[in-house]
Amino acid sequence: MKNTIGNVLKLTVFGESHGEAIGCVLDGLPSGMVINEDYIVSVMQKRQGLSAVSTGRREADHVSILSGVYHGKTEGTPLALLIRNSDVRSADYSSIEDLVRPGHADYTAEIRYEGYQDKRGGGHFSGRLTAALTAAGAILMHALEEEGILIGTHIQRLHGITDRSFGEDLACDMELLKEREFPVLDDEQAERMIAEIKDAKEKGDSVGGILETAVTGLPAGLGEPMFGSVESRISEALFSIGAVKGVTFGIGTAFADLYGSEANDPFAYRDGKIITLSNHNGGVNGGITNGMPVCFQTVIKPTPSISLPQKTVNLKTKENTVMEIRGRHDPAVIHRAAVVVNAMTAFVLADLLSEAYGRSWLRVLRERDNDDR
Amino acid sequence: MKNTIGNVLKLTVFGESHGEAIGCVLDGLPSGMVINEDYIVSVMQKRQGLSAVSTGRREADHVSILSGVYHGKTEGTPLALLIRNSDVRSADYSSIEDLVRPGHADYTAEIRYEGYQDKRGGGHFSGRLTAALTAAGAILMHALEEEGILIGTHIQRLHGITDRSFGEDLACDMELLKEREFPVLDDEQAERMIAEIKDAKEKGDSVGGILETAVTGLPAGLGEPMFGSVESRISEALFSIGAVKGVTFGIGTAFADLYGSEANDPFAYRDGKIITLSNHNGGVNGGITNGMPVCFQTVIKPTPSISLPQKTVNLKTKENTVMEIRGRHDPAVIHRAAVVVNAMTAFVLADLLSEAYGRSWLRVLRERDNDDR
Amino acid sequence: MKNTIGNVLKLTVFGESHGEAIGCVLDGLPSGMVINEDYIVSVMQKRQGLSAVSTGRREADHVSILSGVYHGKTEGTPLALLIRNSDVRSADYSSIEDLVRPGHADYTAEIRYEGYQDKRGGGHFSGRLTAALTAAGAILMHALEEEGILIGTHIQRLHGITDRSFGEDLACDMELLKEREFPVLDDEQAERMIAEIKDAKEKGDSVGGILETAVTGLPAGLGEPMFGSVESRISEALFSIGAVKGVTFGIGTAFADLYGSEANDPFAYRDGKIITLSNHNGGVNGGITNGMPVCFQTVIKPTPSISLPQKTVNLKTKENTVMEIRGRHDPAVIHRAAVVVNAMTAFVLADLLSEAYGRSWLRVLRERDNDDR
Amino acid sequence: MKNTIGNVLKLTVFGESHGEAIGCVLDGLPSGMVINEDYIVSVMQKRQGLSAVSTGRREADHVSILSGVYHGKTEGTPLALLIRNSDVRSADYSSIEDLVRPGHADYTAEIRYEGYQDKRGGGHFSGRLTAALTAAGAILMHALEEEGILIGTHIQRLHGITDRSFGEDLACDMELLKEREFPVLDDEQAERMIAEIKDAKEKGDSVGGILETAVTGLPAGLGEPMFGSVESRISEALFSIGAVKGVTFGIGTAFADLYGSEANDPFAYRDGKIITLSNHNGGVNGGITNGMPVCFQTVIKPTPSISLPQKTVNLKTKENTVMEIRGRHDPAVIHRAAVVVNAMTAFVLADLLSEAYGRSWLRVLRERDNDDR
């Protein structure tokens, strides 16, 4: 699928870090969906990250919608979203063009594209492309929110520092995350994490961590067996984010140490609904949503761009050498990745809803809401 | 994608646990690929698991190839693989038909299929369908092996018991795993794990764990950026296996506690090749293979079928109740899942090779091998 | 897409003419759809053609449904349909194995599959595979009929002999075609066509023609702009039938000689509905159904299998030579192709309905019908 | 597939006639393909048509390549092509906004998009979007030409006037068509057609016709059986062009009146190659290219925009009324459609080549050429 993802809803991404623009085409939206530009702007800003711990590169990241929207609502035709690259300092990279940066895609891109790729700033492999994913996702996050489907992500763990888990009152935590500038539930741990990132920056190094995401308000019955499982779909989408190296659902790796009798989620009938008394399986059984919150974790590796000297090879001369990467680096991207994870999750959910309910899935959701009252 | 997966190579799966047959269609294979029936049989037997710790249900699991093979070689047209369901004891299930089993897809299937699904033995959601995945995968594993691409999986961890990691001499470990009846590298740990499974069985309970997989011999440059990343493709495929709840690459969750300077894999030029001096990223940078072994972990939850009493709901009466599941259960499926993980990995790799090299990918691999000599 | 077609609904076909079996997997059906086996049998028989003018090969063409159906209704999981090859006389073909038959796929298959394909009876390229398409289509034709969507096809032209066009009272013509053993509206022309086919047979030759299809009862608004146009989708499906060499919509080639003022279909509001006063565009504007009958023509070439001597090449010796094809041939397949055209049309329509209305498209159609009353 | 087409190569189109821009994303190109901007400009100009018989709307149609090209060559990453809409006179349309134009997509778009679509100038259904198809196609036409694969289209018939057929010396005719401003082989017939178009314009009417296309230099063995037939793929692509109402291959409708013995193309071995002595099947047997020129016809309906009064309905008031469409209309689009047919054909061929030969299909073609010398 390369740069296009989705079954009924399709997202196609393009662009290079130092090219003219990046962007995407989002096709298959219902007609009449409200486009809230302020909402998009606020999500784009969140992706830029807390300035104290984020990149020196400051793009306006203005999203132009070139098509598919008329009088503030979706037409149902494809949306082309364009983000110009303005703050480009290619000079920072030219000196190291023949040296492949460890942990980056420089070497694999060289093999895959036979040397024809734009190497500046990582080219098509740059984290900058997640701005396009975020823009598309923001449109869907807004639409889902309007129908009571909320997506929230916090940093569960960062270089050994751990946030508290999502609490019993998930709605409250989701609300809290919407307000947070830095996506951590416990204020004290947030402070410690920020200090850790600053410390890494001073060392010329970087840190990674694990994100935890919850989705509330989803109907039961979304997803498909086998290759169309909710887990297959979400993981496929999340692994498109460069820094992601793992995706686990429910209690994740903890499954390895439990008995089945501990891991299984018992069913119960309460207040006219079938629920599970625990949610170890993260809201998904057999690949299909069961109506409980969908929960998963995303492993984010430390940013590969560090300023410490690193061993590498000169592609032209084939000499072993040591490189130092200058320029602007993020000592951590995990807080920014949280926004992209939300965006891609929104995309997958909207695609699942489209498959289940057809073009008018927003209306089906709305009618469901009315029935509940 | 529901029951079909793949970009150039397509795998379509069908069947229910207690229906007439299960099977799959595998389309897009190169012509002239040798079909080794003994190899298929041996892989199918491995999936059945060590009899001491596996299910009472013993299917012959004979794979009939109905099309696409002529004189022992693939034609290039679709292979239809059929496995009859012979050892079916539906009576075991009928008494509990209205009770949804915790940890199973019974409830979500009921919502998704509106009650029309065959509930016997989990129907289309049964682990039995992995026999079809395994049959298809075995054909590809054999072809890849012939070209020097080996896939090996061991149980890294089972209910708190840990195997040794893959060693420096990966070729040796791969060979060792081919011989193993129970896929564990360290004999002593294998004994402990088997004892643990037997113990769980006696308790009427079950255990899960984590698998670790390595693939050696892959060329650099496979995969695509964004949604076509090797990680996206492998995880999409693995999450189609019912018991899988997590997929992590390289050092996986350990990324959360490392500095970038520790996590990055330095490049070096040695013996006419560019390699990395460590392999924390699991052979994939920016979604594309870098020529090092591709390594990942798969989290397997404890088998949900246990004989201990469990809380649940009667779907018809909406009463809260307690159920006991009779019949044959696996106290662990992780050793059997190892085979399915190998099979699905082989499928994804063959699809990636098809995309990169076209119809004649086997020949391209062969010529590569000759060039190396 | 090779042997799989469809966006939401997926059809995957497999098999060779003289292999063990042919069949298909039909995935993405709504759950609870009634399977009428008598209806399937009657459609399969129609595809066998009027015995007086059809092939000597008489297969039982019994369709086994191996999965996806429970208690006579679809589960919503994939249906695997299997048709055994029983009446196989490979000896008829062996003598000519190295000679490529003009008009057949023998030569192109040799190039495409590098000689590994099963050559007997045309292998995977045999018209026999349309039995699998027909079986899948029959299931959908029945479901559509139940909701008032009828598909009818007649032979508009056969070797210079012309049937009358569909009349004003299309419902009446559709009914008439359901009864017809040989799909022609005008009895006298039917007699002439049958005589013409018999005459061709006596000469050792064959004839082709043009089919005309009408679909009534479709809602407006199905289809998509650009590559998802109803015309794109129907033509893609029809050209998968070996004998088809052309597909035209509405008045087809007659558009070439009309003024726009003659070709355009004026709109009118009548009895609470917007209709067009003519239907030159065949029920489709801009790729999307307008609520009028969808009409198209399919060009069927003369059966390439004839017993007259033909010039050809021996693939092994590269000698120019003359061959005579023995065995059983259809002097015409157009009347049989009519059934396959209906089947593939039903598939495309069901796929379009799935995309528009989601999983529950049958229910949406049913509610529409109730609203109309 | 909506606005995305292709299996390995993917083309995604966006935009509305009177929006900010139209464009497309072309993903899956080989790296290192030369981008010839002059060639693109010349193809874009051809699409604008001979000014004497074409639309008053004159767009610069400047194609900006926003990504995927570096130093004049493709990187292998997605190309985003953007064409700004400059010459927009929306006022022309506003007065008729509630009247649905006969032969246009106004009514079907209203149903499909529930009134949210941009109605100005036909919005997403405008012929203007073919500029994006043409830009993408031009890139591929140039690459194919470099490897000796030529695509040529002429007007076979226009409102009763007929051009001569492609001659024995197809290479000569292809060369001739490259030079032609108006794509007709016979100069005299070209004059008559131009006069006919002018005459229609004076009457406030429009005319259609039939295009004939030939592709030379294709290798044998491209395409797939069943749904992946070359005919399926080309027709799917061509029916995405709004004016197309029919696609026929080889001798097309003439198959209806021939005997099999006349229609079959005998094989012969000549000069070290297997060829067919006639080419009635248009270079395709069983869905796969046989190495002879691929030939097909495309039926183009008369432009629906005419200035004569036409019966229609007011969507708001539901009143039957008569409308007159003002503004700029093309009295014929067939000569412009010829360019779009070439473009879409180039896309399909490049996709087929990608599937057959993988990422390096250009190199495989080049090596083939060298072998031939």
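Miscellaneous remarks
As written, the chains take the letters A, B, C and D, and residue 1 is the first residue of each chain.
Heads up, the rule we're going with is that a residue touches a chain if its C-beta (ideal position, glycine included) is under 8 Å from a C-beta of that chain, and two chains touch if they have at least 3 such contacts.
Predicted, not measured: the structure shown is a model, and the values here were computed from it.
Listed options B-D, C-D or B-C contain a single repeat of the A-D interface, assigned here to B-C, on the basis that more than half of the contact pairs agree by residue number.
Its C-alpha atoms fitted onto chain D, chain B is found rotated by 180°, rounded in steps of 5.
Chain A and chain C have CA centres that are 45 Å apart.
Chain C has its Cα centroid 39 Å from the Cα centroid of chain B.
Work out the mean CA point of chain A and of chain B, and you get 26 Å between them. Counting partner chains per residue, chain C has residues 2-4, 7, 13, 77, 112, 124, 225 touching two or more of them.
By the touch rule above, chain D contacts chain A in their complex via residues 2-4, 10, 12-16, 19-23, 25, 27-28, 31-32, 64, 66-68, 70, 73-80, 82, 112-118, 123-124.
Note for the complex: chain A touches chain C at residues 7-8, 77, 225, 354-361, 364. Every residue of chain D that touches chain C in the complex is listed here, in rising order: 1-5, 7, 13, 100, 102-109, 111-112, 124-125, 129, 157-160, 200, 203, 205-210, 220-221, 223-229, 231-233, 235-237, 239-240, 242, 244-253, 255-269, 274, 276-277, 281-282, 284-291, 297, 299-306, 308, 310-313, 315, 318-320.
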